[in-house]
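Both of the next two complexes hold chain A, though its partner changes from chain B to chain C.
Take a look at the complex of A and B:
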């Protein structure tokens, strides 16, 4: 009998690799292909990408999609549920952002598990958000 | 005045003819007296006289008287003749004395004056005077000639001395000239050898320059080929560059497709994962597709890198080709300049070679001429030595001539003419 697994998407921002639930991801595309309604989030608490090569389109609660610009999308992994763990309370308490929900053990190494809707909602103040900033500029 | 001798002789003659008759005896005595007187006269004795008183015969008496007159006249004439002879002898003695005095004392200043005057001496006096005048003229002329001779001898001596000195200097100069000509002969020989060496080197230089000209022409041909090859390489590089650009475009398309394939595979894997267990196989296939796409992208990345390297290499090759073209053009230009220079060198070397040959020929002629001059100088030196000896002899002769002229002048001075 096979072990129950969780599907996560691994991506890279800067030098670090992060993990996110595949259900929070609507699709993956190129930042240059982003439509007007796909608001680009090029900066977040994860840092700025070195070379914005991919965009992760995230479905938000408000019904709009936002595109998190990352350096690289590594792929999809099926991780045993036991290897996906919440943050220790102290660590969660110390963190400012609520986007980090836990970590997943990948090859016995912890990888931060990111709640993408929360991340794009919390986008770092001053960070570039193409369409959103454009809207602000327009306002 | 009757001469006793004539009477005695007449008596002796009467005794010798004692046998004559008386009449004839007296006459005979008278004739004997006259004959005796005539004998005396014939013997050159004119002092005796016939005693006319003793002669009776008128005819004989007249004869005796005439004889006596003749004897007296003859005696007078004889006396006069003796006086004249004495005067003439005195004049001759005085003339001889004057001549001796002239010879001994050389005094020709005065005129001949004799203590006697006789017409017979006039020619002698005139002759002696003429002789003295002639001698005076001769002495005067000889004195002048001696003076001139002395002067000339002095001049000849001076000239001979000068000539001897000049001859000595000339001999010395000729000796030095001969030595110099000997050195010049050696130098001429050296110059001839050097000129021959220069001619030989000029010939070698000419040959080397011609060889260099051929090499430069070959170099220019090579430069032209290099330039043509550089142009061909440039064309090939341009074609290669265009092909590479075309490959780059194709690779960009492939890369774009691979990127799209990667995205598609990624989204397929995402959708498979969203489908849970049911989509796992799909996700695996999608992952495999994505791996292929990534391989393609890796390959295109490598191709891009290679294209970049090829571009850089092509650019470098293009620059090198341009450099080759430029250098080939510069090489052709320099080759042209070198050909011009080499032609100038050829011309100059040819002229140098010709000039060296001419110099060699001239120096050979010069050497021959110098040897002839040396030979001539040796002969001149010998002649000059002989001339020097002759000059010394001439100086000695001139000195002797001067002495003789002085002696002659001294001798002539002994004659007074003024």
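Take a look at the complex of A and C:
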């Protein structure tokens, strides 16, 4: 009997590893190869990457893809659907960000599950402007 | 300015675990930054050594993270920081009391465990009426041979945590 699994992408921002559903990921790229129209999100509630070496191009509902800049893309894992769960109620009620939707149990440790489209659209707490910036002028 | 209302001890479950027809109730006491706090004993399901914490991004300071216990992930609550005091240092000796009330199940970190305490319900006082500080989280205040014991009300704690998480 085969167990239903979910495919998640593991990535690292700063010292921490996060997980995200692969369905929201269009491709993995290099931020330095970003085109003028690419919207880079180099800081988010997850923090700033130590070395912005990789970019996760996120498919957004508004049709404007955004690239989340991260330290590393670790890879894809299949996890049993039962190991993907919502946050504990208190944590869910107290988090400012709506981008943290739950966690995936990996090797018995909770790895936070991030909704990438929400993350790249969210305004970072304490910042006046949104998280995204264009690397170059559109003109 | 509204007049502070005096709370009744026991109106939100401060009765604790009643001991066989007597007016005595049981409470589970914790030491947090030198003060004694307690939950009704039946609400405390376990006391555990705090495992590795998974930090939550953009979380308030009183919510230092989540950790796995018996396959379940629990939110960790630092009561001291919720009260605006310094954090409870997380050391190998740090313990967490797993407290369960209604939909809420949280791990409250403590410096040490003081253990079970029996108190006469008739001698429980209502918490101080003035708002703010620790009083807003209490259902009652009792006294025993070791001194004062502040009885915590988990739903009030959760409500305060939610209120303080909303960005200004």
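Here, the second predicted complex is superposed on the first by the 123 of 139 C-alpha atoms of A that agree within 3 Å, B and C clash if a C-alpha of one lies under 4 Å from a C-alpha of the other, contacts with A are read in each partner's own complex, and residues count from 1 in each chain.
Keep this in mind: a contact is a pair of C-beta atoms (placed from the backbone, for glycine too) under 8 Å apart; a residue touches a chain by one contact, two chains touch by 3 or more.
Remember, predicted model here, so these are calculated numbers, not experimental data.
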Partners on chain A (chain B, chain C) - clash or fit: fit
Which superposed partner A:111 touches (first chain B, second chain C, both, neither): second
Which superposed partner A:90 touches (first chain B, second chain C, both, neither): second
Partner chain(s) touched by A:60 [first = chain B, second = chain C, both, neither]: neither
Contacts of A:78 with chain B and chain C, given as first, second, both or neither: first
Greater chain A contact set [chain C / chain B]: C
Partner chain in contact with A:29 - chain B first, chain C second, else both or neither: first
Closest Cα approach, chain C to chain B, once both complexes are overlaid on chain A (Å): 25
Residues of chain A at both interfaces, chain B in one complex, chain C in the other: none
Contacting residues of chain A [partner chain C, same complex]: 16, 45-47, 85, 87-91, 93-97, 100, 103, 105, 108-112, 125
For the chain C and chain A complex, residues of the former touching the latter: 52, 54-60, 63, 66-68, 71, 73-75, 77, 103-106, 158, 161-162, 165, 167
Residue numbers on chain B that touch chain A, as the complex places them: 259, 263, 266-267, 269-270, 272-274, 276-277, 280, 283, 287, 290
Residue ranges of chain A in contact with chain B within the complex: 2, 7, 9, 22-23, 25, 27-30, 73, 75-76, 78
